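Report on the following structure.
Which chain is which? They are A, B and C, in the order written, and residues in each are numbered from 1.
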Amino acid sequence: MSEYLVNIEHERLSFFTPAGEVKALNDVSIRIREGEVLGIVGESGSGKSVTAYSLMGLTAYPGKLLGGTLDFNGHRINDMTEKQMQKIRGNEVSIIFQDPMTSLNPVFTIGNQIREVLKLHTDKSKSEIQDRARELLQLVGINEPDRRLKQYPHELSGGMRQRVMIAIALACEPKLLIADEPTTALDVTIQAQILELMMELKDKLGMAIMMITHDLGVVASMCDHIAVMYAGNIVEYGETDDIFYNPKHEYTKGLLRSIPRMDSKEHERLVPIEGTPVDLLNPPKGCPFASRCDQCMRICLREKAPVTHFGETHYSTCWMNQKAELEGGKRQ
Amino acid sequence: MAKYIVKRIGLAIVTIWVVATLTFFLMNFVPGGPFLSEKAVSPKAMAALEEKYGLDKPLWEQYVTYMTDALHGDFGASLKQRGRTVMSIITSKFPVSARVGGLAVLAAFCIGVPLGCFSAMNRGKALDSFIIVVATFGIAVPSFVVGTVLMYVFSVRLGWVSSLGLKNWTNYILPVTALAFYPTAYITRLMRSSMLDVLGQDYMRTARAKGLNQIISLFKHALRNAILPVVTYMGPLLAYTVTGSFIVEKIFTIPGLGGEFIGSISNRDYTVIMGTTIFLASLIVLMNVVVDIAYKLIDPRIKLK
Amino acid sequence: MKDNPNPLSFQSRLNPDDFFPASSEEKESLVIMRESVGFWRDGMRRFRKNKIAMVSLVIVILIMIFSFIVPIFYPYTYEQQVKGSNNLAPMTYSEEEQARIDAGESVFPHILGTDKLGRDYAIRVMMGSRISLIVGLVAAFIILVIGSVFGSVAAFFGGWVDLIMMRLVDIIYTVPDVLLIVLLSFALKAPLETLSMQPGFGWIRTLGPNLISIFIVFALLYWVGMARMVRGQILALKESEYVTAARALGASSARIIRKHLLTNCIGTLIVMTTLQIPSSIFTESFLSFLGLGVAVPMPSLGSLASEALNGINTYPYLLFIPAGLISLIILSFNLLGDGLRDAFDPKMKN
């Protein structure tokens, strides 16, 4: 077994739509150690969710893995059959989706939906399963578990439903929990509660978390490492502090400028990132962020930037790094 | 639930009453009458006949009399079929139509639902396209065409089954097939599109993420949600089909309620028209209540008001 | 730095010029904007790509040409009884016609044979399709108008107006339609005939009172489905957030109706109407089969099929031709409607 729980290397994935090939992932590499929290940040369509789903073998219909290797917990996901994947899903790796309103089946009780996953992956007896379901609801902070188990999803609030989703995800004590924008559809106060709950459970159960979000605020407090994605590429990767205090890609810098900071001075304005995301049907041949970048140089339009490492884990793909090195080299 | 059912039954009675009243007056306003077609009837004899059945009285009086009797379960005697009550006509003809129609609806449900599911799960593949084309063709062929072609091929040309009457079980095959043709195609299309809708829902993704295999997630999670539109369609379908299709009964010479109904309309057999209309309307209304309750049982989100 | 094995190797290929800021023109050249297409153009593009729908459209047009244009040039008429040519098989001639051919005259062949009264079957089938198509189109139009007006009024006013209007729809749903059709066609026969005697109403006789009764029945009964649909659609739209947003921005009711409700409904209306055409043709053929359709000698596909039923053992093709044609027309309109729905229904975009 390798030292990493998750090791995705050079993954390329496209959706073959009637309009043409949509290159959703271009050379994505991600590593997560056991018990570690990785945040994947990026705007809509940058490939965050696609990466996570492909790790679970849940790539939606016209999508196709074109290259790279995906390893998880000693399994080579690329080579696994659907049947083998079914044994892992919900058991070794679980996922929480963005919208708790639609992610639970409206026609079954909460209890039914929690018990289902236990029945599938454990050989506990009926009463043990019922006890475990009750225990899970208590674990995620739901009172009166016996009454809740008999209720239907529509009788619960959004925050409550997301807690149920977490309970389902944690039922078999997975090694990895994928959280796909778990708080986006919730009220701000509930968001904080859910995140706190997730961190608490992580410490209790020792699982790794892949936290997908477009909210830098969320990742700052929770994550050990952060991957910044743009247009199907990882443009910067590093420890949380590296990303926040020493960003090396213009997109990361832009993201940081666009959120309010506790230490910002009065009247300091937030700077939005202008422009629109690239069209993945015809991705540009240079840097995907070039058209929106303030520092855009001629080379950026022509060629993709090479990876520059700044330490053990921190790396980024931006021509500005090359420029800095070039200038540094001259000075030497 | 009980309160809801009481309320629905109350509403149903009002609907049936409105339909009965509407039919009664419309039927009487239409020129002609039950005894006009019988040429040999002298004006005197006709007056006697009309007096016998109370048709000489003012319309509203006839209406009140009819409604009072109907409330007591007395739907009167047929004006044209001497010596038969409307009740006896319905009770003798309905079981025949109900058997053929019930079998047809059952067949349509048992074939249409799996076919629709199968088609949706294989979306975009050759088999799916084949099923859609066949189902679209199925809703495009009128039942009299299906009926006559079936009769021509299997009974006239091949001589496999007799086309007349319902003497043994083989006689049921052709009429049931003819009746089931359209609803099967319709249910297949309905099931397919509703299944496609459900398969795209987030909770289906959750089911897969739990590690359920396709078959279980289809049967447990998708089917119960996807079947709702089919249930809605089944109510009126069942009501209309068990009361008999005039066309299929005519083609296969089945002595059913459908033929009786059309016959009574063209004969102006007022009491039979009223009786069968009230019977059919009650059945439809009843089916709608059954559908609503079935809906509630399938989907807990539905609140019965 | 020099020990670092990585990117400095690029230096050799790169010159400092590459690191000058790119001008905004250079940046703009990079942004390939996909053409933004509107609702209609986008829908039409998808519609044209749908092969099945395009084939159906071609079939519908062909059938229209055959039923509306070809009969004008056809040497026989639908009520013309050719003497001695009863029950001819397709492409055969009667003795009399054979004699004329032998004498050097040219006689137009009976492509589909003749019926028992010696009428050319091909022209009768064409006229029959014409009647069926007219019924389908006119009925669909009537249903569209009544159904959408009724449904939108119920949805707009809401409250008890809606309640009463929808009860009415329920009742119409419950009345056996055959009963109303039969009674109405009896009831309307006499008044329509009297009316057709009046100057200016001669067209009633041309159409036949039965055909008009059929239209009236459609107008009375079959709009309820459309009304329910439109009501549901408008109720949903009324509650939708973009309508609330438009209202909050101060858009007038007229503008909301025109800009938001109508444009959002119109796709569904077109599709519903297209799918209504086959179902009206279906009903007409059913009525003709019951003997309640168009008046003789005018044929419709349904009445042709029902007449042929009596002689099915001897002349099965007399049944199969009109029956096949009804099925083909209904099938093409259905597939066309499905194609339109796939192209214009926003929910179907994927």
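The rule is short, and it goes like this: contacts are C-beta pairs under 8 Å (C-beta built on N, C-alpha and C of every residue); 3 or more make two chains touch, one makes a residue touch a chain.
Quantities reported herein were computed from a predicted structural model and do not represent experimental measurements.
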Quiz item: What chain is most central when centres are computed from CA atoms?
Solution: C
Self-check item: Chain pair with more C-beta contacts, A-B versus B-C
Solution: B-C
Practice problem: Averaging only over C-alpha atoms, locate the centres of chain A and chain C and give their separation in whole Å. | Solution: 49
Quiz item: How many angstrom lie between the CA centroids of chain B and chain C, rounded to a whole number?
Solution: 26
Quiz item: Between chain A and chain B, what's the gap in Å when you average each chain's C-alpha atoms?
Solution: 54
Practice problem: Name, in rising order, each residue of chain C that touches chain A in their complex. | Solution: 1-2, 6-8, 10-11, 14, 16-22, 26-34, 49
Practice problem: Sort out for me which residues of chain B touch chain A in the complex. | Solution: 201-203, 205-214, 220-221, 224-225, 298-301
Quiz prompt | Contact footprint of chain B on chain C as seen in their complex | solution = 170-171, 173-176, 178-180, 182-183, 186-187, 190, 278, 282, 285-286, 289-290, 302, 305-306, 309, 312-313, 316, 319-320, 323, 326-328, 330-331, 334-335, 338, 350
Quiz prompt | Contact set on chain B toward chain C in their complex | solution = 15-16, 18-19, 22-23, 26-27, 29-32, 136-137, 139-145, 148-149, 151-152, 156, 200, 236, 246-247, 251, 261-262, 265-266, 273, 277, 280-281, 284-285
Practice problem: Using the touch rule from the top, collect the residues of chain A that touch chain C in their complex. | Solution: 18, 275, 279, 281-282, 284, 286, 290-291, 295-302, 306-309, 319, 321-323, 325-326, 328-329, 332
